[in-house]
């Protein structure tokens, strides 16, 4: 379970003071798949970093599975927006995926199996021996996803994880993430810019306002649990929900809150 | 072809310089600047196999021991200092204080502490060439990519695994720079460590030549030091290639014309 | 060449600028004293004294003409001569006192089993520079005492570290000169020989030299310098109180030590026999392959 | 306003803490050196305790000759360092950017680097006499290599994407060096500067000591020859203090020019958090 | 004009040999807006890098505006896929945008004006004084776009330039790029993963096959030159073209050419 209560975050330094997150409160129950959308620079990444225990909140409370976050909580995985920089350039693809498992003390054979499975799932089983910088952007991003999946986390935070892959691969990965979520029962917070994707994937879409960020809309997605790229997307309810989210975002965009940046 | 090119590149300038030296110094009557042919002559006479066994190898042994210890100590201390800001604040002034000590006063201090054996000489070498490794390691550790650190933290890659796969690897380009700086320093300090409290060794021999006014012999010793420098740097490069393959691949690879 | 030849006509013109490289030790007190007394300026020499750590800096400076004169110990000069370095001695430097109470000595720990130099066989002696006047002299002591000088081991250790090393048992004996001799005495070390005295009677320890080039080109200047030097040496030998004072001006030796120090002798003439004896000893000890042309080196 | 004040106080607070720690470190070190000779770990005659050294140092500070020596040493040091840093940087950037040049000079560089200055001393004296010039040559020779290697490695370290960006926008050789290569090599360069500064100081002292050119080194030599142990140590302490001050200075510069670098910004930006 | 003739590119090294581009031939006439789509890892970035003169081709010929490419051609700007790494962290946003202009020897005032305009256009006029690493992913990407626009290139290569921005911003940027293209008459090669975007933006969509890459489809987009986010996207012809591209991609994906990677 993720609980965010009155989260407030200010960045301050180098002649710049930005209120990245104004006042954010929401709860993601255990095992829920929640999608977060919001304008560029509204504080989604900041939120994820606070949840992951990588960044202290300026004020407010953040709880992951019952414990207040002061350091990265156990069984939590993050797919970073900066996928390229989050891969270890000195480790080959397979070693990158296996490293967190190794840190858990998992045996060699099991590690190999999990890593192979995950790489297979993202369609990269043939590049396990390459270095990350020998891969295309989309491939790097998929390695980062494979690493998170192989880790089998209880909480998974994904920051625009499909931004660099083509439409077809994206669809495949969407289904992959949903199946992983269903299989492992992870609590999933998924940041995306693609409204269709948010509606297609999640049980719930949280729309954030522009900075100083608050929750502009919190929409339950009442589509059936079994989803299909063709069927679900042509479901009238899908179109309706999508329209709702879109309209809300337009609204947020048109009337932006006072800008938080100042020199 | 590429191999040939590399060999030509590696040898081209030295050949030109040696030729210039040879002809430029031919027939020199200057006491301190003998002709290269005299020096080469002296080299052949001086650096016999026995000489190597008696004077050069013991020195080289100390050099390698001192160098390796310096690298290990420098990296270990550097990781510690680079990781913890307060350790850095605490130790940096003391280290800077020590770092400014010139060898002519350092060697006596070392003698005072640990006598006049090999240990002291190795100590002097360590003390002299630990700094580039240390400083570079500190900066390398401090300057690593935050996203990688964050990745390790979220995936709970901690302890030794983190040290091995994040801290040391991320700092390795700078560690290697430091180690490369330290290599010729080790040779220089090997000579300096044999200025005092010594009765054998390569540095000692060279200095004896100097004091005994055997100038061509002294020059031949300088020549030998330079050659040792080349050999060691070649060995170093082999080690670097395997250690930093990823780095050079990432930096250059086939990205450029 | 056209060196200013002022000296001959009695000093009406510009004095000759002369640089001399010396070591900041008591041995060179006469030249400082002579400069102060005006022995050089009255011979139309404008003397500048510069100290350096040792021969490594002074000899090349003299050979290249940066210094006109330099100060060096006798064995170093012999070594240089044997390599055909174009050097020429111009004047005596300093000598041992010739008696047991010399300005340098061989010391052991008070409780050391070593009673006399011959006991040094198989032992280690600290010398400030190896293969030089110290080991030659110490070997002379051992030989004189009936030991085998080739069985004595030497290790190089700067003077300031020697007493400490001896106390810590890192060496078996040390050979120190003043003021370190006073430190050894103060630390209770026991003197077993005065090796400079053992090497040769009234051993010439060090001398002043110039380059053969200058000697050939400006014999007049060399002659005037030598004269002034001789006057300085004689004066210093006769006025030890003034010597002790002048030492205080160019060294950092503390007053009480300065008063207690044994001073060397400063005869005006080089003890040629002693230099020859040193040369022979150097050959015998293997420092030199063959005896250098001592006569060619000395004036 | 309040926020700015709070930030400033936070920054000064952190600065204050690190200065305090640094002073503590030095005091601890001084304490060890005070106690060690007193309890006999090292012989007191040859390693005087800190208090005695400081007393002697105080006496030295009262002497004008000390100050002239210090000034001369600093002058030689500054000149030598300046030459070495400029030359090392220029050559380093050239070698770093042109792999062919690097390959062609590698052997020569590796031959020259390990030649110790002690071996060079007579040769330098023959050329320049026992003067400050000779010392300067030694200083430059030693400090140059430190700078060179750091700069070369720093230039190689430039991010390939940044380099490509510079190329595609045709920043030109000068623009690329000025705006891309130089800033990204700066962390290496600053380390090089710190290394070179200390090496230059060491060689200045050594050169003065051996050659006899005026300065602190010559005073040390003189004190050594006179068995004035406390003066020797007092002067060494001065050397050490110079080292500390030089480093403080360079760190100050570094904080300014490397404000953008992860290593520096981590200390100043609250954002990076629980490090 | 861009001419690519029998381009072939093999990466080789570190135990991996990949044919990134198999055999690619196409021509983009002066002033055309061409979009490139293709599966992840098919060699789009590689193609752009070869065109930009940053990477030598293994074989084949590449010509930009009449001259064979051996170095970065003049008046060509690239928006890199690794937007984050292509911004100089030591320069503030404005300086990043102004740098290429400065290198051209442009005067201070004009530089300021162009940079301000470009930053305004991408919606970042208030962060010109921030460092790139103080910005969110999407903001960084927009800075990179602003830099390319301010440069006023004759040829513009963009590699998934909108991957990190939200839907609304994306739409705005799309219109921005089209207006810049129309205004300056640049030749534009635009890599994207969004098929709608490709059809909406371009005069032509080039569909690449999976590795070893060839041109799978080269489709002229005969939509009217005046485009509008709402009107154009609801145009039946748009839907039709989109369907065509989509079908072609599906086809390419289903029957992938022999895999070019081997250890």
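What to note about this one:
Think of it as A, B, C, D and E in the order they're written, each chain with its own count starting at 1.
Criterion: a residue touches a chain if its C-beta (ideal position, glycine included) is under 8 Å from a C-beta of that chain, and two chains touch if they have at least 3 such contacts.
By chain, with names taken from UniProt: A, E = ABC transporter; B, D = Nitrate ABC transporter permease.
Remember, it's a predicted structure, so these values are computed and weren't measured experimentally.
Identification of common neighbours of chain B and chain C yields D. Among the remaining chains, those touching chain A as well as chain B are D, E. Of the two chain pairs considered here, C-D and A-D, the higher C-beta contact count falls to C-D. Distance between chain centres (mean CA atoms), chain B to chain D: 18 Å. Rounded to whole angstrom units, the spacing between the C-alpha centres of chain B and chain E is 48.
For this pair, chain C with chain E, the centres built from the Cα atoms lie 82 Å apart.
Listed for chain C are residues 56, 59-60, 63-64, 158, 160-161, 164, 168, each touching two or more other chains. Within chain D, the positions touching two or more other chains are listed as 43, 46, 122-123, 126, 164, 209-210, 232, 261, 265, 272. Across the assembly, chain E contributes 11, 14, 49, 53-54, 71, 82, 85, 131 as residues in contact with two or more other chains.
Chain pairs that touch one another are A-B, A-D, A-E, B-C, B-D, B-E, C-D, D-E.
Per the touch definition, chain B reaches chain C in the complex via residues 31-32, 108, 111-112, 115-116, 195-199, 204, 208, 210-215.
In the complex of the two chains, the chain E residues touching chain D come out as 49, 52-54, 71-72, 74, 76-78, 80, 82, 85-86, 88-91, 99-100, 102-104, 131, 133, 147, 151. Looking at the complex, you find that chain C touches chain B at residues 55-56, 59-60, 63-64, 76, 79-80, 82-86, 129-132, 153-158, 160-161, 164-165, 168, 170-171, 287. Within the complex formed with chain A, the residues of chain D that make contact are 3, 7, 259, 265, 268-274.
Within the complex, the chain E residues that touch chain A are 11, 14-16, 18, 37-41, 43-45, 81-82, 84-85, 126-127, 129-131, 134-139, 142, 160, 163-170, 193-195, 246, 249-250, 253, 259, 261, 263.
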